[in-house]
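Here is the structure we will look at, set down as structure tokens.
Letters A, B, C and D mark the chains in the order given here, with residues in each chain numbered from 1 onward.
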Amino acid sequence: MRFFSDNAAPVHPAVLKAMAAADAVDTAYDGDALSRGLAARFSALFGQEVAALWVPTGTAANALALAALCPPYGGTICHRDAHVQNDECGAPEFFTHGAKLLLADGEGAKLTPDSVAAVADAIADDVHRVQPHALSITNATEYGCVYTPDEVAALAALAKARGWGLHMDGARFANAVVHLGCTAAELTRGVDVLSFGFVKNGGMSAEALVFFDPKLADATRRRRKRAGHLLSKGRYLAAQIHAMLDDDVWLDTARAANAAAQALAGAAGARLIHPVQANELFLRMTPEEAATLRADGFDFYDWAAGEVRLVTHWASPADEVAALARAIAAL
Amino acid sequence: MRFFSDNAAPVHPAVLKAMAAADAVDTAYDGDALSRGLAARFSALFGQEVAALWVPTGTAANALALAALCPPYGGTICHRDAHVQNDECGAPEFFTHGAKLLLADGEGAKLTPDSVAAVADAIADDVHRVQPHALSITNATEYGCVYTPDEVAALAALAKARGWGLHMDGARFANAVVHLGCTAAELTRGVDVLSFGFVKNGGMSAEALVFFDPKLADATRRRRKRAGHLLSKGRYLAAQIHAMLDDDVWLDTARAANAAAQALAGAAGARLIHPVQANELFLRMTPEEAATLRADGFDFYDWAAGEVRLVTHWASPADEVAALARAIAAL
Amino acid sequence: MRFFSDNAAPVHPAVLKAMAAADAVDTAYDGDALSRGLAARFSALFGQEVAALWVPTGTAANALALAALCPPYGGTICHRDAHVQNDECGAPEFFTHGAKLLLADGEGAKLTPDSVAAVADAIADDVHRVQPHALSITNATEYGCVYTPDEVAALAALAKARGWGLHMDGARFANAVVHLGCTAAELTRGVDVLSFGFVKNGGMSAEALVFFDPKLADATRRRRKRAGHLLSKGRYLAAQIHAMLDDDVWLDTARAANAAAQALAGAAGARLIHPVQANELFLRMTPEEAATLRADGFDFYDWAAGEVRLVTHWASPADEVAALARAIAAL
Amino acid sequence: MRFFSDNAAPVHPAVLKAMAAADAVDTAYDGDALSRGLAARFSALFGQEVAALWVPTGTAANALALAALCPPYGGTICHRDAHVQNDECGAPEFFTHGAKLLLADGEGAKLTPDSVAAVADAIADDVHRVQPHALSITNATEYGCVYTPDEVAALAALAKARGWGLHMDGARFANAVVHLGCTAAELTRGVDVLSFGFVKNGGMSAEALVFFDPKLADATRRRRKRAGHLLSKGRYLAAQIHAMLDDDVWLDTARAANAAAQALAGAAGARLIHPVQANELFLRMTPEEAATLRADGFDFYDWAAGEVRLVTHWASPADEVAALARAIAAL
């Protein structure tokens, strides 16, 4: 019974079906009809003209986004627990050619205008210090917390006032949207580039990079090829994204994952370190307690000393979720 | 009727079937059984212990291979018409952090020890000149020509004598193997890293990087992650490769592609610019002749002035191949 | 009366004289007798065979050193207030092609085995996290504190046990040596690469990179050229270094700078934030007090809120030092 | 008697004198009066507002210039015998983060609009090919040939029409100017960035980067620091440049070097491979003839089989030049 990652989930049947349907021969790379259709698809979703590119991983999406916003001699402010800082083996530094990540604080891995300004204001404006050029936030965050539209807008206002680009790592964007009950557009006001995640939410190997200023995508098309991320049979990636957007599959799968997390949250009670707003739970738990759960067949991740992480996903079996909730309550 | 790229071909049914079968939940990234099984699979194929990693594109495979063999301040000798030089938007330079490609000549995009030595010997051994650290060959070449095992061995001997690593871009390795009727092992004697292509040969989105010195793979595992090429659901890539190797599907598909090319070659006769040894044909053809073929519904690529490229693939319809052969003969 | 930087000091007359003497034509780049003589010179100083290269700046020295010790996908542990982290506009990231600086804590910008191990031990050993490959310390530190030979040796032991390279930023190495009364060799036991500073200590434009494993210098010679740091008239740089080493000028100038700092330290008393062990002083001081000193003609640097930095140098005029000491005491 | 490089020449006395005069303490880095005065100085020289930065080497100047004009995923067209391609150990690739040099042909290492357009027109405008973003020419060229103002203007017109930046490597700009008898401004119409060389012409360690669009310099100031090229005692570099510009020293020294070359050219006659328009001569010469000259005490560089290079400089002794001329004539 696996609760260690939404990356280990199966692929949604609609995605597999769409991939099989994409097998009809079409042009290579991203010249096919499915790939070319992404811009219109996301423009409709966001209610404005956007450019949209598929990439096979969230790490590629994030790193390409930062490279679009930050020059090699600049810096991007992010939370010190951000995925781009800790879990991508230096991908941002690789794609940006050595731009620095400038680390800010905040509860639940959420940045605030104050915590961001504190980092920026401590940097003297001279050539010795790396200057911020971008701000990167994750929604939902690495701790499963959600920025509201107003919180995003406040950070966007700060970024705009300082002349920075704003990137949103939306590996779990769907979980945030369904938690809030808002629209995708409402949650991205002022964002320049969104890494729109599908793989953790039922997809197989396709994430979308959404550029709210379509011109920003031009250089990224070249960086994508240069990074080896322009798949020659790109239609199989585009098909995944279309399938997830069709009939709001992406929202349904996120709702399922969030609901499973809520079921566990109810059982976890005072053990919760962060509010549960998406599909991740962080619990205080002694090693002995964790061992007890594992002896019962539950698999999950040790986070820090005395802390564990549980992750649900779109296909978490209801009986396994219920069993884990009971087991936690019984600790 | 499309003869412009083997990238535009459909995916082999065995591959699609294996991907669907991989949907059972397993560990993320490359910790799953299928991914972990690749080393044994390729070790058996090559008759020696190798390390093997999946990557989603041939460009990623090539660029990671060069980064494993050449430091940022070094150079890699390749043919001036090599894919790494002309068709990857600078991916080798990106992954190697600016190492240079040093361009050599040779008929049919095939290098010879003499043409390689000529490039190397013209480089003074001082800190002002970029020194060669690696040699990269493509088999079958960009012009559909095939290095024999002896030719590869001669280049490997030169590389070893000079202290260079040897990379083989095997985007069409299968086509070379079936053309020669040799084994994969015989065709890679002395090679350090092989980009073993599957996508042009019936796969969807998985190529293999084979390291004949397994230790060379360690840094590449980190570079792969850092480049955003460690897919979180890697089992779907590993499954493709296993499916292609099962029952020698990879050899059957290459044989079909080569046979289709031979059928066209017979019709092309004196128009052929290079011998046809794989699944690509380069023909002398006037613009008017090319227009005639296109008017008949054949789609292909203009190569250079007065030259066209035709590419067959594992699933090229027999009737379309026959029709094109007739049309060429009738020009 | 300038106390804001030892970078703003004049050049020692012996250096100017040696540069004029180097005007006799000799071979270009670093093939001249003076440049070729550096290895022997530093080997004698350190009592072991070393390789030594001149470079024009400390930033270049540090960044080349880190590039010699840390691959692009790795990390270097340093203090969060280190010059390499804060004052080089990302030079380490540029020269290492995006390796990360991993930030550790410690009083007076001094790392300890515990503070370093705490950073390293928190990094899971997988491909998602950037792994440490090197440790960089500054002696004397950015706060004018000095590591003793034993402290250096303890960090070197840790680095060796973990398989990391050890870099010492010795922009103020001379100040540390004279403070301790030890030898240069005693203070570099276990160090792999030393940035041996001369510019802050009376030189004009020459720092030395000392490789205690001479083989490590080979790639650096190429990186130096590739970074534009191989001056064509290198003899004028080598001459500076020889002049500083002749008759222990480098020790005399450091002694003078340290003595001036001590004179100020006596006056500063309880204002001192860090012990004064080199030529820098950090004082608690209100903006009003700072304004008073500036009104008296003293120029210095505001460090943080309520803190100022004073820097002495080899040629700080005795009367100005005395005047500043009196002024501080009178606040 | 050395004729192998103008890099091995002594430093002009006016330069040494100016450096000694710069010893008075001023602010560090490039905040001093001499450094700040460069923009006005070069603006006066070129008759338009320019930005001007010192750097210690021509390699740094060229590589920073290319980084200002060409993104990492782009290319710069240059002659295949250009210094940036052959003699900088990949500095352009390092500073541009892997942009490619695209090699064009031309007699005497001079590009023409036709030879440049031929390279560019062969590059398909898609994401697979690296697209040109800049053009780099060398004046005087690596073979001592000089572009006229009209020739520069024609290339500038091409660059502008294609949307490329134009860089001029002026390591021997002074030699070109005095050969033509034109002004510096006339020879740089349409140039975006000039590497204005002083070191080969009597300087010690200071070249100027001149940006004809001052805004282009902003990012370069950061790249310069990040590359370790912002010397902390920059006034000693600025002083060299001022001294060379004072009283047209730079023109006098170039005239002397060119005149020495003409004296040799007269003796070389039919041996000359290229017209002698600056201070370099390329002569056909058998190994036996070269050995004869060397036995007479002349030192020079073997260029290619049967070819030697002779270089004069501002201080080439008249008697040595005359002796070499006689010796060549006597071969």
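The definition used in the following text is that a contact is a pair of C-beta atoms (placed from the backbone, for glycine too) under 8 Å apart; a residue touches a chain by one contact, two chains touch by 3 or more.
Please read all numbers here as calculations on a predicted model, not as lab measurements.
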item: Chain whose Cα centroid lies at the greatest distance from that of chain B; value: C
item: Chain centre separation in whole Å, for chain C relative to chain A (CA means); value: 42
item: Distance between the centres, which are taken as Cα means, of chain D and chain C, whole angstrom; value: 34
item: For chain B paired with chain C, centre-to-centre distance based on mean C-alpha positions, whole Å; value: 49
item: Per-residue multi-chain contacts in chain B, two or more chains; value: 72-73, 88-90, 94, 97, 127-128, 222, 225-226, 230
item: Chain-level touch network, classified as line, ring, star, complete or other; value: complete
item: Complex contact set, residues of chain D against chain C; value: 2, 5, 7-11, 16, 19-20, 23-29, 55-61, 63-64, 88-91, 94-95, 199-200, 204-205, 222, 225-233, 236-237
item: Contacting residues of chain A [partner chain C, same complex]; value: 72-73, 75, 86-90, 93-94, 96-100, 127-130
item: Residues of chain D that touch chain A when the two form their complex; value: 71-73, 97, 127-128, 131, 219, 221-226, 230
